Amino acid sequence: MFNIFLDDAAALVVVLPLLISAIIAFMPSKIWPWIISLVTLVLHLVLSLHLLKEISISGLIIYEFGNWEPPWGISFKIDGVNIGLQLLFSIFVLVSTFYSRKIFLSEIDSRDSGKAYSLWLLAIGSLNGIILTNDIFNLFVFLEISALASISLIALGAGQNRKALLAAFNYLIIGAIGATFYVIGVGFAYAMTGTLNMNDLVIQLAQYSDGQLAIFAGMSFMLIGLMVKAAIFPVHIWLPPAYSYAPSAVSTLLAALATKTILYFFVRLLYEVFIIYPSYLSLFLDFVLYPLSLLAIFIGTLIAIYQDDIKKLLAFSSIAQIGYITLAFSLKDHSGITSGFIHIFNHALIKGGLFMAVGYFAILYKDRVTLNSLRGFGYKYPITSFALLICGLSLIGLPLTNGFISKLYLFQALYTNQMYFSIALVAVSSALAVAYFWKIVEQMWFSEIKFKSEKEDAYIYLPIWIITVSIIFFGIYSSPIIEFSNLSADYLISGYQN
Amino acid sequence: MRDKISSSPVLSVVSKILFAPIIIFGLYVQFHGDYGPGGGFQAGVIVAAAFILYSMIFGLSKGETLVPIMINRYLMCVGVLLYAGVGIVSILLDGMYLDYNVLSSDPSTGQHIGIILVELGVGITVATVMIALYHSFASFGEINE
Amino acid sequence: MVGGLFIIITSQNYLKKVVGLAIFQTAVFVFFVSLAKVLDGTAPILTKMENAYSNPLPHVLILTAIVVGVATSALGLALVLQIYRNYETIEEKEIQSLELKSDKLNV
Amino acid sequence: MSNSFLIILGIITPLFAALFSYICRYNNNLRDSFGIIGGLVTFLISLKIFHGIQNNEIFQITFFTLFDGVDFTFKVSPLGSIFSLVASSLWILASIYTIGYMRGAGEKNQTRFVIFYSIAIHAALAIAWSGNLLVLFIFYEILTFSTFPLVGHKQNAESQSAGRLYLSILVGTSLIFFLPAIFWIWLETGTLDFQDGGILINQFPAEYLSLLIAMLVFGIGKAAIMPIHRWLPAAMVAPTPVSALLHAVAVVKAGVFSFLVVIVYIVGPEFLLQTKSSDWLVWLACFTIMASSIIAITKDDLKTRLAYSTISQLSYIILGAALASSLALKGASFHIITHALAKITLFFCAGAIYVTAHIKKVSELKGMGFKLPLIFFAYTLGALSIIGVPPFIGSWSKFYLIMGSIEREFIIVAIILGISSLLNIYYLLQPVVIGFTKNSIREVKLTKAPLTVWPPVITGLSCLIFFFYANYFLNNVSGVIVS
């Protein structure tokens, strides 16, 4: 019985959350939506593990919906590139769902909890769809579903601060423009090739080997659209308010996974499809993505230093970290792609952990967490504070944490590409990261203020510590992440050579 | 406010006359979608248009008695579940997700069954969502009071 | 298309922004549909005669895109309503000045 | 007891001391005693390892692999055995002194202070025994972070800004220069292990060696070479035991030790001598020596004056490393010990004067020499040792450094060392002279704090005594460097 479902694991990891989301949408109960979501995501994890097993045997799964062969039907593709991400995704959503319950309870109206979890699962399912889909139009659909779900979730933060509405609205407008740009690009590509399937697209595009203006225009539209969605500098402006005014659990999910999945698709598009126009690709990477990444790293870090609101600070640091990832991806070689994937993994964990901890503080403080409000938290809430400290040190990139591994491989990639200027810039900006992170630590431990404290809640600090321990674990025993990233880079590069 | 909409007799009579044909037309589009232009999206909107027209003419509360909000909400979910359920059933019958061929012994009949069920799900969802949208936007001003 | 984008960027009114977005998206849909048109094509209905027919796939895609667009507009409008409920205005400048005031009060 | 177990025990003992201090935080006497006990245990272990190294035993333990070619490993080098001996022995005295000082000055948050003091010692020991450059870096950072609470201990605006400066310079430089330098070495050679004679020779492009040396010397901000010395005077706002820790026991010593280790075991003196890549550093070190000596003269605050003296003394060690001849390296290694002993004496005295008489400024010391004879006696011993007057231990290292500079035919450097000694005489002995001038300016009420008086006397006397046992240490150093 169960085996029947396992065979279709590829579809079910996406369909299951969407299906359950419909079931729990109008459930009046306060706790059942959470339990059902949790069970769903455990199943989700089982399915992902099954996919991992399959991939380790066969190396490639193409799942055709309704048995329609590509290029007609929509297909999902799971191979070495995305299996690692899928696994990370599965584990992280489970942990953050576990974490989300108490947060939602205190931040939103408990009558809405069914709706909130419905949207939550909707976002999870569609983000997972982005990871798996092999169809450029289907991607647009998932992109929009996830955007709409996360916008609604962000707007739920309005109970805390009405600015959440403005943030959500801006995200909606900018996001929709991005998505529409992407669709225009898809239109161009479809007009030229008559296909939407990514593998087929490569084959069809090959006939225009010299490249045509229409194709280049289409490619540019698609890339710009995705850049908006992935919050690559300078089209990142929607991200900081959206992340910082959303309910804390939502910020956790979005910061850790939303931009990462889109970045993943972005790089897949670059290296799997557009690679057949090497001159265009290197033009884009060298003269657009590379300088933008450097700017993102530098400006993101600088702005973060001057933030007073902790969630905003973390959001701007995300901009800088996305810059690291795109910098790595702009290097065009195996080491660069590997280090980009490594940082996707590591940054997802780090930012997830940081947002979880800060979200908990927000609940304890019952207001937005600013630097001042953190005074003495280190003494009052030592368990969470210590987790925050470790995550932060990892963000800076100190050894024995996974942030260091990211940095090591990024340096290696830059070094093999002889980009010494970038090395210097990355080094400087990681030192600046100390500045903004240390401001937090200083407030937490080195200024005391008397206030009534509550006991820390194990339901909340347990997931935080799971993330924190994994940060240390992957800092010491880094080979799983490195191997997955290597695998991803291998697949992308080998596609390029064929 | 909600029942004070003064409708002229012309409007109310015309809408009463039109109500049933619109729904019939919606159903036609719905089931025609199997082998011609049409389908759940369009049909759903047309059916919803009938209900929305009714609400516009006779006021929101009348509209709500026609389609109670709770039932509307459940129908939304039922539509999605119908769609997804077909997929799950096809998996249970050892096919791919949404693989209609296995729904019946004859693949072509299977395709018919599958597409009709799926489109029905789509239609129900679209219609109910449209009605819900209209109701929630139209009733906006009253929540403040 | 450009007109829609222009409205989104320049207008100060959130409602107008949503409308601009809708125009922008619709323009793209039309672009898609125009791709599908085959010269002298008919509707893609199976008939006995072998006809040149328009490519139906873009229509299907656009159907999906329209649904997405509707959802986006609906959500956008809902947000505008919520903003109105909270701020009692949907003019960007007024909201910004309101926010500046409340920030000053907090500090 | 196996050798690897000794290393683990030595490294975790300070952590246990910190843990027990926390557990017994409500019983002040018990809490503070753990520092002394931990100091004794680590001192014995260091001593055993020190003897083991002399008998050519190998102390090594590997835990796990961090990434290709780099393990998390500890391996005691002869240089490291000396540093650990210095750090652990001075920890005992510093713990005793801390008790006297903290209670005498009535500081708050003493438990936090004791805990982080122990953690800092832990990091210093781990630096001393680290088996490769990355492990060294890890504990270098831990040392920085663990001393931050000590520097900012008073939690007022002044100490907070000092703490920020301290942290931003040390962590900033290490992340901007030191870490990329480590990556660079790893990328070129594929390893980071410490090996006799260095790992860079024939592996690293010689034309970039100057750049690498620059990255290292500026990256190891704890070595406080100009222009990145600002953190050291700023950190003087901290309580005096911290200054002693910073200057003598752990922080700056860890800095120069790291640099020395890099020169000896990573770059390799021979490679340096061949390429002459570090000659520019000789002049920078000379500049630092002179400039900071001159600044020290102008400072009236005793602790600040001592801080600038430290900057100048550290540059002696960097100078020795930059010269890279065997005599100079010998002098530099030995200077770690001699300066530690002498400088901790001076800081102990400065702190003791503050606790007993509440005086910070040199100009206010008039007549104090008669009232605090023991403290001034110890101070004089320490000052003489730093100046390098023969029957004191400090004369050995200075002697070797001058010999080394002559060996490398840097005659001007030898002259500069001489001039700096003259300056030393002026600014270090001036407080003594003032102290024994009659007619004090104001009446001073003395507080009794015997625990702050005896440690400096012990260290001051040991400056004198160890002059005659210098070979005991020198044997250990010279063996490596000459080979």
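The chains carry the letters A, B, C and D, assigned in the order they are written, with residues numbered from 1 in each.
Throughout what follows, a residue touches a chain if its C-beta (ideal position, glycine included) is under 8 Å from a C-beta of that chain, and two chains touch if they have at least 3 such contacts.
What you see is a predicted model, and the numbers here were worked out from it, not measured in a lab.
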Of all chains, the one whose CA centroid lies most distant from that of chain A is D
Separation of chain A from chain D, taking each centre as the mean of its C-alpha atoms, in whole Å: 45
Expressed in whole Å, how far the mean CA point of chain C lies from that of chain D is 67
Express in whole angstrom the distance between the two chain centres, defined as the mean CA positions of chain A and chain B. 36
How big is the gap, in whole Å, between where the Cα atoms of chain A centre and where those of chain C centre? 26
Going by the touch rule stated at the top, which chains touch which? A-B, A-C, A-D, B-C
In the complex formed with chain A, which residues of chain D make contact? 64, 66-67, 72, 134, 137-138, 141, 149, 152, 155, 160, 163-164, 167-168, 171-173, 175-177, 179-180, 183-184, 187
Chain A residues touching chain C - in the complex, by the definition given at the top: 137, 140-141, 144-145, 148, 151-152, 155, 158, 162-163, 165-166, 168-169, 172-173, 176-177, 179-180, 183-184, 187, 190-191, 194, 196
List the residues on chain C that touch chain A in their complex, please. 5, 8, 14, 17-18, 21, 24-25, 28, 31-32, 35, 55, 58, 61, 64-65, 68, 71-72, 75-76, 79-80, 82-83, 86-87, 95, 99
Chain C-facing residues of chain B, complex: 35-37, 39, 41, 126, 133, 136-137, 140, 144
Touching residues on chain A, where the partner in the complex is chain B: 4-5, 7-8, 11-12, 15, 18-19, 22-23, 25-26, 63-67
